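Shared chain: chain A. Partners: chain B in the first complex, chain C in the second.
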Partner chain A sequence: MDFQKENISRHNFEQCTKCTVCTVVCPVTPINTKYPGPKQAGPDGERYRLKNPDFFDEAFKYCLNCKRCEVACPSDVRIGDLILSARLTYSKGKPSLRDTMLAETDVMGSLATLCAPVVNASLAMKPVKYVMDRTLKIDSHRQFPKYASTKFETWFRRHAAAEQSKYSRHISYFHGCYVNYNYPDLGKALVAVCNALGVGVRLLDRERCCGVAKIANRLVKEATRDAEINIASIRKALADGSEAVVATSSTCCFTMRDEYHHVLGLDNSDIRRSVTLATAYISKLIERGDVRLVFRDDYRRRIAYHTPCHMERMGFTQYSVALLKSIPGVDLVVLNPNCCGIAGTYGFKKENYETSQAIGSRLFTEIENVRPDFVATDCETCKWQIEMSTGIKVKNPVEVLFEALDLDATRKANNLTI
Partner chain B sequence: MKKLDKHYDVIVIGGGATGAGTARDCALRGLKVLLVERFDFTHGATGRNHGLLHSGARYAVTDRESATECIEENMILRRIAANCVGDTGGFFITLPEDDLAYQQTFIDSCRAAGIEAEAIDPALARQLEPSVNPDLIGAVKVPDGSIDPFRLTMANVLDARLHGADVLTYHEVTDYIRTGNRIEGVLMLDHRNGGEQIQATADVVVNASGIWGHLLAEKAGVSVKMFPAKGALLVFGHRVNNIVINRCRKPANADILVPGDTVCVIGTTSDRVPFESVDRMEVTPEEVDVLLREGIKLAPSLATTRILRAYAGVRPLVASDDDPSGRSISRGIVCLDHAQRDGLEGFVTITGGKLMTYRLMAEWATDTVCRKLGRENAKCVTAERPLPGSEQQSSDSTPVTAGAKASVGRHGTLAANIPASTGSDRALVCECEEVSVGEIEYAIKNLHVDNLLNLRRRTRLGMGTCQGQLCICRAAAILEKHDSCVSRHLGGIRQFVNERWKGMQPVAWGDNLAEAQFTAWLYGSVAGLDVLPPTEEMK
Partner chain C sequence: MKFETIIIGAGLAGVSAAIRLAEQGKDVALISAGRSAMHFNSGSLGLLGFDNNHQPVSSPVEAMESMPDSHPYKRFEAASLTEFADNAADLLRRAGVKTVGNVRENHMRITPLGLCRPAWLTLEQVVTLEALKQLERPHVAIVGIAGFLDFYPRFIAAALEKEGFRCDLLTVDNPDLQRLRKSESEMRAANIARIMEGDALTRFGESVRDVSRDSEAAALILPAVVNFDGDGESLHLRQIVGRDLFYAPTMGVSIPGIAMHTRLMRHFLSLGGRLFNGHRVISAEFNDDSLVAVYTDKLDDDALRADNFIFAGGSFFSRGLVATPDEVIEPIFNLDTLAPSDRSKWFDSDLFGVQPVMNSGIAVDHTFRALRSGVPVKNLYAVGASLAGADSLSNDSGAGVALLTAIAVADRIIKLQ
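Presenting the complex of A and B:
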């Protein structure tokens, strides 16, 4: 046996060479002194937890799961996964009512859309916010995204589904909870843009929440159940001829590609490469020369692009940036890659509010200095955070495309007679 | 030449477990004690073994006497040194290539020696210890465990000091003060203060210096024939197993895997080596090879686990006293009153034995000393009295914060003395092993710490994954704060880096090599330590 060749560690945490760059890039460590930092919580702590699970520290809940540590790591240690997995394995006590409510996006969304105006009005009322702050510990500074009266899925079935069969190629759209319950317009924009490029859009047979909020709030069983349903639906969609499953949310996309396997331990290897982000999918169509985009002459905007953490982890930033840059009238500023601080449900929790805002402050200042017409980003929770903290409107790049494209001319350029 | 004012009842030479244990026992029996160590505590075989709390099962078939001693001391150490002991339990496994019939012989021998040994279903063994070789065809459960020799020795030193003993480290005994056929004291070289010569007098001198006892006896003009037997071991990066795994067969190479603190250790080999080599043991590629090859038969995942370092110790094997040729070797305890044996008054040698029986060795040596001093009525209490830090099980003490758990594990009840009130007290110096600034300060003030290597043995500083890469310079800065001796600690850093590399070099591949390279960049290229002029460095 040649030990130099054979004795290579298969334990991911043992690949750490203790360079500490993960702790240097961690947004939380310099702000919240209760958090031991990614190196200590991740590969260092893992050795101790293998000795005795008592070495688990509940302070790991302060981790944003932004994965910036993993992006920085020169040794490919999955530090964020180590910390998250430790929380899922060793954290004691059941998730609180608040955490469960924040995590159960499908349940809450379905209920809320039934009586959206009432819910929206209530959630915006000061007394309601006060009560939620005091009883549920949901910070009163937060604005809940408004719920839509009609779910995206409902709209799609009524108004869009029928004509999709006219197209010769198809994708399946993973709309996610936000588009379905809060912001169907983004889904509508995606359908319109894809259609203009000659791509028909389908929905999955059954779509559940990607599970990111459930994972973050330790509802592993529930997250796994949803993930299994999604994986099965994605498999079926691909078998039925969809060339990709496309999301408009970077976090949904990231969760299905990476967290399903790394954190939940599910086998998604056969579908992983086919799950992608809308801007990545469209960029590749353009790159291959499959489609042409024709933009409106009168579209003039100064846009600041913010890179969501999970976008950075996937390495997809280039696609959204390239698309936005290709719009002739756009003056694009790519912001420095700083975390906005909200990290999904994290920032909604009262105990995290100050940390959340402190983390985001560098980004907010930069945005204010750039003075864009609006900010573009691929993540909905970054959108809420930036809008709340800067008062500047935030749009998804797909929405920007929808606004900037001359849809009729684009259809013609792609020889569509439909 | 300086002469110590105090006249001692007994001078104990050797800062290993046996010497420290003897100093403690003597002090507890009311003797005036001086403990002398030429370098640092646990510098010899005490600090270079498995850290296995033997149940005695390993010797049950071949050496009943040792087996019985082991199980008796095992039960005593669980009581008196609770904080140094890991109650892991142990398996003796039979693999398809082994003779399963040996298992019954083994169990019978264990029971005859008073060792609880119970055959369990291999499936249950796999369930209890998932890392065990899944091909096993038999498993016997025995009360093995782990023991931390650094903590154990230090606890003995602390208790000796608490009971009036004086302690000198870095003092090498170079000769004896002798009048006629009586040893009346020692001549020492102070390695720290420019090699100053110092005299100390005593009624009895106890030679408890392991393999070096051979040479110290020679200097006294008596012969204790010893044979250095080298044993090499490998340290893995984390605990692969939580139960000690042994092979159920006659003792052989690399057939014990011990989980100790954050790591696990496979060993050992056994080879006679010449005396000239005992001060510079190096692990050969062949030894690494055999340790890994045999080790993965106990726990296959060792093959794909990072190896942190390799090290080797020297067992002091002693020739049976009636066989000066040395062909007949005893593995048992040898306690010699040289007055009876050689007509040399005031000199006692305690040797042979093993870490497991250090307390019993100390008891025998102290009994001999007391007899010589006419203090036979001073009774030994070391089998009952807990060592400092082990006064109670640390588990039932008040809950501690996550960051302080590691130090409580190391210092037991004494961890209450570790400063932790400020953020900087709690800041980590060694991140891999979770050693705080407070713990370093505590060690410097209380645990005979003079340099970085001492700190490592007292706290596990630099013993983790990065082997000192991040903590050495931080710890050196704290040391420097105490004595303002910059050049000495710069030398200390270089010495520490080199000492760590010595252990990493035999297993320098993969992640470990990357780690070592990174350390070399930091301390060599960035800090410029390799172009620093020679400074005062201690062995």
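Presenting the complex of A and C:
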């Protein structure tokens, strides 16, 4: 038996050399002293928890799950996974009504889109915000993303689905809750860009929320159920001829590629490589010489790119950066890698609001100094946080492509007669 | 993805080579598998602190001649070494890392454990014996932080008292520090530095000023827990305190080293360099004697291609080298390594003695091209701590080997293109 290979506990924790680099990069530790820090909460504490679960500390809930500790770790210890797994395994008590509501993005989204104008108006009203703040402990400073009155899926089936079969190659689009319930325009942009490149777009037979919010709020059973449905749908889509399953949200993509296996313990090994981000997929098409992009002559923008934490962890940053850089009229500034502080549902919780804004302050100041026309980023919750905190518009790189491309000329360059 | 040059490893060697190439307008990608040993650097860099008889070196240029032929420095002509060393200091300066010192004469740094050790370059504002000797009187005050376990004023005083300094020992505390102390074990230099900005920095300065009011010291020595992101903080502090200030390195993760990493990395990015952060190179594709592409653990089957590659993967800590039970290997490319063949000869039974295994590393030709099955790989160079023949620990030569070999290789690539 090879002891060095066989004797490895979950998340690689024995590889920790106690170097403390994780603590250097943790956005929470210096701001919220209730949080014991990634080294203590992660590999240090894991040794004790394995012997006695009483060493678990409910203060681990202050971890953002940003995984910046994992990116920084020179020893490949999955520190964030250790902390998250400890929360899922040892935390006592049921998730609160508020946490469940924030996590159930599909249920809340489906209800809200039914009567979007009323919901949007209510969520923006001061008395409603006050009541939510007091009863649910959802911080009243937060602006909820507006709900769309028509879901992306509905729009796609009505207006786009039919013509997709005309294309010779296809991807399946994992739109995620945000595109479906709040921002269908991003999904529409993805369909338009892919189509101009000669790629047809399909939807999965059944798409559920990727599960990131449920995992963060300890709804493991519900997250696992959703994940299993997604994995099955992705398998079917690939079997039906989709060459990849593409997301526009870095966190959805990261969750399906890594958290399903690392945190939920599901086997996604057969589909993992086929799940990718839109900018990664398009970059590879360009590199292989499969497609050509023709940009508008009159597109001139100064753009600041913010790297979302999960994008950094996934390692896909350079795909989005390269794509944005390749647009002739774009003056791109890549911002320093700092967490924006929202971390999905984390920043919506009243107890985290101040921490959340303090963490983001470096990023906000940098953005204000760069004075871009807008910020580009691949994560929707980073978008809400940056828009709320700086007043500067944030777009997904796919939207930027959509704006900058001469779609007709691109179709011609790709010899499309459809 | 395709680049002109790909550099594997983003420690001092990798990022310096990357900067050198990017400054010449080259298209460079830097692959970083976790943070580097720079995070533990004291703010002083060694080129040759001790010779092979473990005697302190006063002039690195002169002592170089006594080094064995296997040492990487011996691949430089004696005259060019001085030039490369000065180029290295200039490169650091362009990145905003301002240092004092030169290769002709070492100066003395002061370690957190209270020893004076020879150094080549030291960050401005980090304490050196020479700087203290220029004070108008040999009297300093060393200010510790209450509850901070990585800095002991008594240790620093021990070093300085031997040199004839009078040392006042002071302790500073205030509500900001008390708040940090709630998480005792996490009260490390990096976390203190993170709150040392804006009003908290001003309050810290005022607390230091108040606690040192009665001291007649010519200068204050503080632990290096400020100056994380830029120069402004320390200047601001000096103004508030109202007298000469020096920073002494702390144990554990170290702010001067982190500041060096941050500035070098920002400089590289500002030159348009491309960073693959948190990627570990796991395999490679060769075509005869040339390296074609590398693959990382994050990019599935997407190849990273380049005309030239520089391996700056470091030594055992960063797993550029791996010691198996019976050999020292380079795990990515399976490059040739030099190490004592018999494991029993790897170690000296005196823990603090010279450990021969620390001399092991990658074998290279005279232009630092890495050897593979005895043949140089045409476009793969090895630099820094993974090179064979350099025991950076016993010679205190890690930074010098990293910077000089990185610059030599970058210049060669520029010349050949």
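By definition in this document, the second predicted complex is superposed on the first by the 407 of 418 C-alpha atoms of A that agree within 3 Å, B and C clash if a C-alpha of one lies under 4 Å from a C-alpha of the other, contacts with A are read in each partner's own complex, and residues count from 1 in each chain.
Methods note: contacts are C-beta pairs under 8 Å (C-beta built on N, C-alpha and C of every residue); 3 or more make two chains touch, one makes a residue touch a chain.
Bear in mind that the values here come from a model prediction, so they are computed numbers and not experimental data.
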| item | value |
| --- | --- |
| Contacts of A:Glu287 with chain B and chain C, given as first, second, both or neither | second |
| Touched partner set for A:Lys166, first chain B, second chain C, both or neither | neither |
| Partner chain in contact with A:Val321 - chain B first, chain C second, else both or neither | second |
| Partner chain(s) touched by A:Val334 [first = chain B, second = chain C, both, neither] | second |
| Partner chain(s) touched by A:Arg371 [first = chain B, second = chain C, both, neither] | neither |
| Partner chain in contact with A:Pro36 - chain B first, chain C second, else both or neither | both |
| Which superposed partner A:Asp76 touches (first chain B, second chain C, both, neither) | second |
| Which superposed partner A:Cys19 touches (first chain B, second chain C, both, neither) | both |
| First (chain B), second (chain C), both or neither touched by A:Lys393 | neither |
| Doubly contacted chain A residues - partners chain C and chain B | 17, 19-20, 33, 36, 39-40, 75 |
| Contacting residues of chain B [partner chain A, same complex] | 237-239, 242, 259, 261-262, 288-289, 292-293, 301, 303-307, 402-403, 405-406, 423, 428, 431-432, 434, 464-466, 469-470, 509-511, 514-515, 518 |
| Chain C to chain A touching residues, read off their complex | 1-2, 29, 33-36, 39-40, 179-180, 182-183, 185-186, 188, 190-191, 194-195, 252-253, 258, 266, 269, 274-280, 296-302, 317-319 |
| Contacting residues of chain A [partner chain C, same complex] | 17, 19-21, 23-25, 29-30, 33-37, 39-40, 70-76, 273, 280, 283-284, 287, 312-318, 321-322, 334, 336-337 |
| Chain B partner contacts - residues on chain A that touch it in the complex | 1, 3-4, 6-11, 14-20, 33, 36, 39-40, 43-44, 46-48, 50-51, 54-57, 59, 75 |
